[in-house]
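Note that the chains are named A, B, C, D and E in the order they appear, and that numbering of residues resets to 1 at the start of each chain.
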Amino acid sequence: MSQQPASAQNTNPAAAFDLECRNINKDFDGFKAVNNVSFNVPTGTFFSILGPSGCGKTTLLRMVAGFQTPSSGDLLIKGKSMIGVPPNKRPVSMVFQHLALFPMMDIAANVGFGLRQRGVPREDIAKRVETVLERVGLPGVGSRHISQLSGGQKQRVAIARCMVLEPDVLLLDEPLGALDLKLREHMKIELKKLQSEFGTTFVYITHDQSEALVMSDQIAVMNHGEFEQVGAARELYHEPKTAFVAGFVGEANSFTAKVDSINGDAATLVSDDGLNIKGHDASGNLQQGDKAKVYVRPESIRLATSADQLDNVENLNQGIIENILFNGANSHILLREEKSGGELNVAIPQTGQFRDLTRGDKVYIGWEAAQTRCYKES
Amino acid sequence: MSQQPASAQNTNPAAAFDLECRNINKDFDGFKAVNNVSFNVPTGTFFSILGPSGCGKTTLLRMVAGFQTPSSGDLLIKGKSMIGVPPNKRPVSMVFQHLALFPMMDIAANVGFGLRQRGVPREDIAKRVETVLERVGLPGVGSRHISQLSGGQKQRVAIARCMVLEPDVLLLDEPLGALDLKLREHMKIELKKLQSEFGTTFVYITHDQSEALVMSDQIAVMNHGEFEQVGAARELYHEPKTAFVAGFVGEANSFTAKVDSINGDAATLVSDDGLNIKGHDASGNLQQGDKAKVYVRPESIRLATSADQLDNVENLNQGIIENILFNGANSHILLREEKSGGELNVAIPQTGQFRDLTRGDKVYIGWEAAQTRCYKES
Amino acid sequence: ETLRLLTWGGYAPENVIELFEAETGHTVEVTKSNNEEMVAKLRATNGGGFDLAQPSQDRIAGAQAEFDIYKPIDLSKIDESQFITSMLEATKGNTTYNDEIYGVPHVWGTSGLVVNKAEAGDVKDYLDLCDDSVAGKVSYRLKRPTLIGFAFSMGLDPFAAYNDEEAYKDILAKVEDKLIECKPNVKTYWGGGDEIKNLLRSGEVVAAMAWDTGGWSLNEDNADITFVAPEAGALGWIDTFVLPKRGRADEAAYAWINFVMQPEIAAMITNSAGNFTASKGGDEGVDEALKVRYQESFPPEAVDNIKWYPTVPANLETLEGAVLDRVKAAN
Amino acid sequence: MIRTLPQSNTFKWTYRAYVTLFFVYLALPLTVVCLMAFNNSVFPSLPWEGFTWAWFFGDEDPFIGVFNDRSILRSIGTSMFVAFWVSLLSIAVGTTNAFLFVRHDFKFKEFFYILMLLPLIIPGIILGISILVFSNAVANNLENATGMWFDGLRPGLPLVILGQFSFIATFATLVISARLEKFDRSLEEAALNLGATRLGAIRQITLPFLFPAIAGAGVVAILMSFENFNTTLMLVGSDAPLTINMFDRLKLGSTPVLNAVSLLLIVVSAILGLASLLFQKRDKSS
Amino acid sequence: MNSVHSRLSLYLLFTPFLLWLALLIIIPHIFMFLVSISVKTGVREYVTGLGNYMVFFTEPLYWNTFARTAFMSISATFLTLLIGFPVAYYIAKLTRGRTKTTLFLMCLIPFWVSELVRTFGWMILLRETGIFSSFLQYIGVASEPIEFLYNDAAIMVGLVYTSMLFMVVPLVTTLDSLDDSLIEAGYDLGGNGFTVLREIIIPHAMPGIVSGCIVVFMLSLGNYLTPILLGGKDSLWFTGLIYDQFITRFNWELGSAFGFLLLILSSTIVWAGLKLSGQSLTDTVGR
């Protein structure tokens, strides 16, 4: 994935952003589905909104598309406010979760629908439809019926139907949700390729972190109607700013602990079940005596059969293997830490070095304080 | 996962196997859905049947349950032939793909259904239902309605409904298929735990390799109605016996190639796009000039920025990074091999050593001949 | 104009309609019905929907008093010379309400017994229908003529009691008992003319109280079956022409009346309906066989004994209805 | 119990025999009706007097065939006229009702929905008499007040049409709602998103989607209208639809011309029914 | 979406609904009630009162007929259910593909013709000189013609026949929606045909059963043709009484009262049926 921080985009300042949201709110009878969200999407980028089910992603996207009116806040596309503009007048197109291809029309009619609404002449429509179908890799399927396409092909037709209108922004609401596992893996890569070919700004929502991580230039992590963090995939993964992001993006072992002492960014904590932890104050506001949430990724924990193999780790413990979850390159060990009795999930390195471990074995585990992220519990 | 090879089970020889299938066949109007399948499931183990959609898994399982009659072959449970025994008389229980919980009954009535059929007295039923609900971690939900449970809870009720009957064998037909990603991950571990707690023999079918790998003591890989290989998860992953198993279990880069020379197990091949490959003859019958399928796992390919970092590898090549699929601990690089122009998928080690690679970088890649498995193409 | 005619089966045969349409240029639409339904329909439409109706002469003044559904006949538009004078005068008298005349006669006939001589030769009067010898093979309508017929057969005179409600109730009570007693003998109560003909023809019924015409037409096929004028007297009826209050084609209606009262046309109707008309000379063109049957059924003394229906007073039918309902419900 | 469960042969064959018997029961009356249409006898019953086409084409009294029987031909025309309007009104109101109940939330919606279902549990004859009584009262009042005639409010075809429409509209509503329920609203949103106007989206997307249901409801309405008796009986004026005409004849006893009409009815409705089914099927498969 | 739009379309859609409901269903019934409480005291003279209802309650004939109609209709409903259920089950669960479609279609075919024609068919079959009687004589079972027509059994045959479609179709639909795996699960857990039927199939099919029963009951109760044409001299039917009052007695007032009573009867029985089965009108006939 090429990393393109928003500031590095070379666009003219007048329309530096294809989409700007300013303090958008959406109330449903007193329930805040979207809470004061602001963000900017630079021209030509792939922007994802990632969050658990019910956090307000769809609501946000539908406000952009015009199907819902914000309770307050402003929403600009190419610098023009969209408040009061009906959905059929906005320069955005949307790929729906279940694609919403029109079953009563063939593919060419589907793709040409938007052009027909604009009153483009027949022959032009036919030409432009064929061109866009070629671009998504489906030349000559125009006269086929929707039901004659595979899931992945439908996906591409749905995108073609939007792209033929040359929208400023393409909105996608979990478009891969309905596909099966293998196809989803494949389409992730495909989608990203299409986006960079078309050069159109994509706003993509999903609750699947791996989709967001693999495809996006920028990801906004959303929870309870608010944006918790906006950043590139690696930023979110390696430097989550909030406990929620640390827990939601990627796998992590988590502890609740109490801050024993604090020294700059370095914190010493004791977990609820008695484990001593040396960590890094990621929220930057920990105080002695605070309750904290601590996260360590399974792959940050190193395994060893003797203590001296683990140099340079601030946290060194012992555990007994309870279960080996063999899953090829992605295998894990579930072990019980000896002192505290807590369960830990440790990734088995791909080196093959630990292939012979079995249930009941005792192992040493260690991880660095820098990879132990602590957040004040609110 | 504790690895318990079938032969190591300590059961009395009379009923060493809870389930034995002997040359089972199933014809549907000339179409062989199950083709001469034989296998034994030792008492108390978790046995999975893994295969792509349509390979005959469900058909096989339904023959065990009694919903379909084998065209030929024998089927024994605890040593007793089940041919001609109707499903309601067989000592097996089944967890259906969509669970088949009875929506017209509350949870206690669902779980107690089987006991009622046996004429167990009312009070006993109530007691046993409550006990089994506790064992699956759902005490006191008896009077709730099915629709008031989450997906994972329903799963556990479905298992409880079977387990309360203390069946000799529990059959499970893709029970996790309907759950969403996160829940599925969670239930994998849960199911395995429940199995070892109850000590009941599980026969589990799935097309999701990670489910099979994580949970099973033994896995049978099925294709086109036949068993391709039966073995423990690591065996299948590290020593697949057929090309199908190598491609289906775990991710792999695959090439079609021609055998250039052969020397015992060591083979030298040239791929269709001109890459020289040194590999290991896994099928044991390769001859010079044969067409072969070659598989290399993404994590077997090592990355380096200079050639001399890669010692000891028989296959050494160079490639240009086309795409970085960042996905936390499970990130991959898609690169284009320079000489042949073929695309390769390479796992990024968790060490963080290659964090700074970006699109367009040139890297060295190498992998061992021993991890390059070659199969004669049929 | 379109003439919407509300009439009995057989009174407007296809061949007559064709002649009429050819001659006048009007078209005719026929709806077949019976007395009760004619009144009910006109009541529901408040005298609309039809241009000419043909209820029996006893159903006109009472219905007019109650529902105001007819309009007076303009006798100047009718060629009175085509009518048998006595019948025309009688009908005028019976259909006068508030000094206006509402009806002129068309077809007349009687109700009596239709008997299969071979199987039920002993049936000579209405009450004989209750005899054991014909048990289960008898039919009659559950309508007011049956009440009247049985009353006469029991030696009572219902017509005389028409204007004495108490006396009439007495008679009805006796008839009710009789009909309930007789019920097991009945196969089914018939409804329409062809229905009773089917029943008799197939032998499912051997004796019935029915219209004369039914007996005669069966006689054609099966010489054993014919109409018998009961000892107590056949019940004579005259079906009329009346103008519904809101008919829209009066001109066509008068044209129809004048047209069908021509002797040749009247004869065609007699041949179709089986009954004679009030047309002067209308019986001349009638099929000889029918005349013979008529004469066999009606020896002169039987003709004298015919009991002609007087006008039904407005409230009678409610009383009768209750009786009929009770008979129907009795077991 | 289901195909995949083993069943004893006795059970299987007894069950099959029962089902066969059932279908014989269904077919029997119609078969004899059709057969008797060819009986060369003036009565639609045994004995069999030989084969004839007279009840279709005859023009000699009493062998008047359907195609020469003015009153039957006229009442078929009347029935078609009534069916046409009933079906038109029913699908119009059925469609708006479907949109109302599927697309909108309003106060007392449950209650109104139950009211909408009421015609299903009101006997047809009562619908007939209540409409008769009501329109009669309205007509009387209007006529007294204005001195004009309001024939449309008296028994006659307008009332017959309204009477049938009063309950067939409910069926149409149910059929069309069921399909609208299945409509994925995001299709409409997609159309808006692609630049269609609100009405444009309904016209180009929603109505075509509903079309099979609307057509199906139309056919059902036609069939129901054609065969309706109870409601029509109370509202009919001088123009009798076919069923009423046939009933009048049947009551009076009739020649097998009724069998001939019935045979034609069976053939036509079978064709209609099959057509609508084929139509639905083609729609489903696509 | 836009609330002004949505209000406007709500009103636009509500208008035809309300016109239809008010003008053709609700107000006519109110008028019918008003007519039913006007008592005729003389020629063109009426007073308001419950006299017509009194007539109903004091004349055993009327309420006997009323009770008889209700009883026969309920019996016809049960009989239809009993006969139709196995057939519906067979179609829904034991056939598939083309056989299923064909059998389902065959269920519908008889109902593509009017009730009148169907009843006419039964008359031809059942009458003394009809097919059955002749057939029995022909095979020598009977020595003389037998009358099958003109009795309550004939009415039953006709009612059941006429109603069958309305039972079988909802049953096939609900039974079709019963996942086979529920039945399999029932067997797998040790159930047998009977227990699975009682505990799984019937509870699942309940909405269909109730829906079918309501429709069949209403059709039977409101039937006019079948009892008139197939019934005998004792076979009174309440709709027949209503018809008589309107058509042969010209007594709209009593007829309206009867109509109203029939409405109350049908509503009460439907309501009781719904309560007993724990279903709602919306989930059954309004599905």
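Simple rule for what comes next: a residue touches a chain if its C-beta (ideal position, glycine included) is under 8 Å from a C-beta of that chain, and two chains touch if they have at least 3 such contacts.
This is a predicted model, so every value here is computed, not measured.
Touching subunit B and subunit C at once are the following chains: D, E.
Chains joined by the most contact pairs: D-E.
The mean-CA centres of subunit B and subunit D are about 57 angstrom from one another, to the nearest whole unit.
Between the Cα centres of subunit A and subunit B there is a gap of 28 Å. Subunit C and subunit D have Cα centroids lying 37 Å from one another. Centroid to centroid, with C-alpha atoms defining each point, subunit D and subunit E lie 16 Å apart.
Contact with two or more other chains is made by residues 127, 129, 184, 187, 246 of subunit E. Within subunit D, the positions touching two or more other chains are listed as 4-5, 45, 132. Counting partner chains per residue, subunit B has residues 66-67, 86-87 touching two or more of them.
Listing the residues of subunit C that touch subunit E in their complex gives 36-37, 39-40, 43-44, 63, 65-67, 183, 186-189, 202-204, 314-315, 317-318, 321-322, 325-326, 328-329, 331. Across the complex, subunit C meets subunit D through its residues 4, 6, 9, 14, 29-33, 41, 44-46, 48-50, 191-198, 201-202, 246.
If you check the complex, the residues on subunit B that touch subunit E are 65-67, 86-88, 92-94, 96-98, 100, 102-105, 113-114, 116-118, 161-162, 165. On subunit E, the positions that touch subunit D within their shared complex are 5-6, 9-10, 12-14, 16-17, 20-21, 24-29, 31-32, 35, 83, 86-87, 90, 93-94, 96, 103, 105-110, 112-118, 120-122, 124-125, 127, 129-131, 134, 161, 164, 180, 183-184, 187, 193, 196-197, 201, 214-215, 218, 221-225, 229, 239, 242-243, 246, 252, 255-256, 259, 262-263, 266-267, 270, 281-282, 285-287. Of all the residues in subunit D, the ones that touch subunit E in their complex are 1-5, 15, 18-19, 22-23, 25-33, 36, 44-47, 92-93, 96-97, 99-100, 103-104, 106, 110, 112-127, 129-135, 137, 162-163, 165-166, 169, 174, 178, 198, 223, 226-227, 229-230, 233-234, 242-243, 246-247, 250, 258-259, 262, 265-266, 269-270, 272-274, 277.
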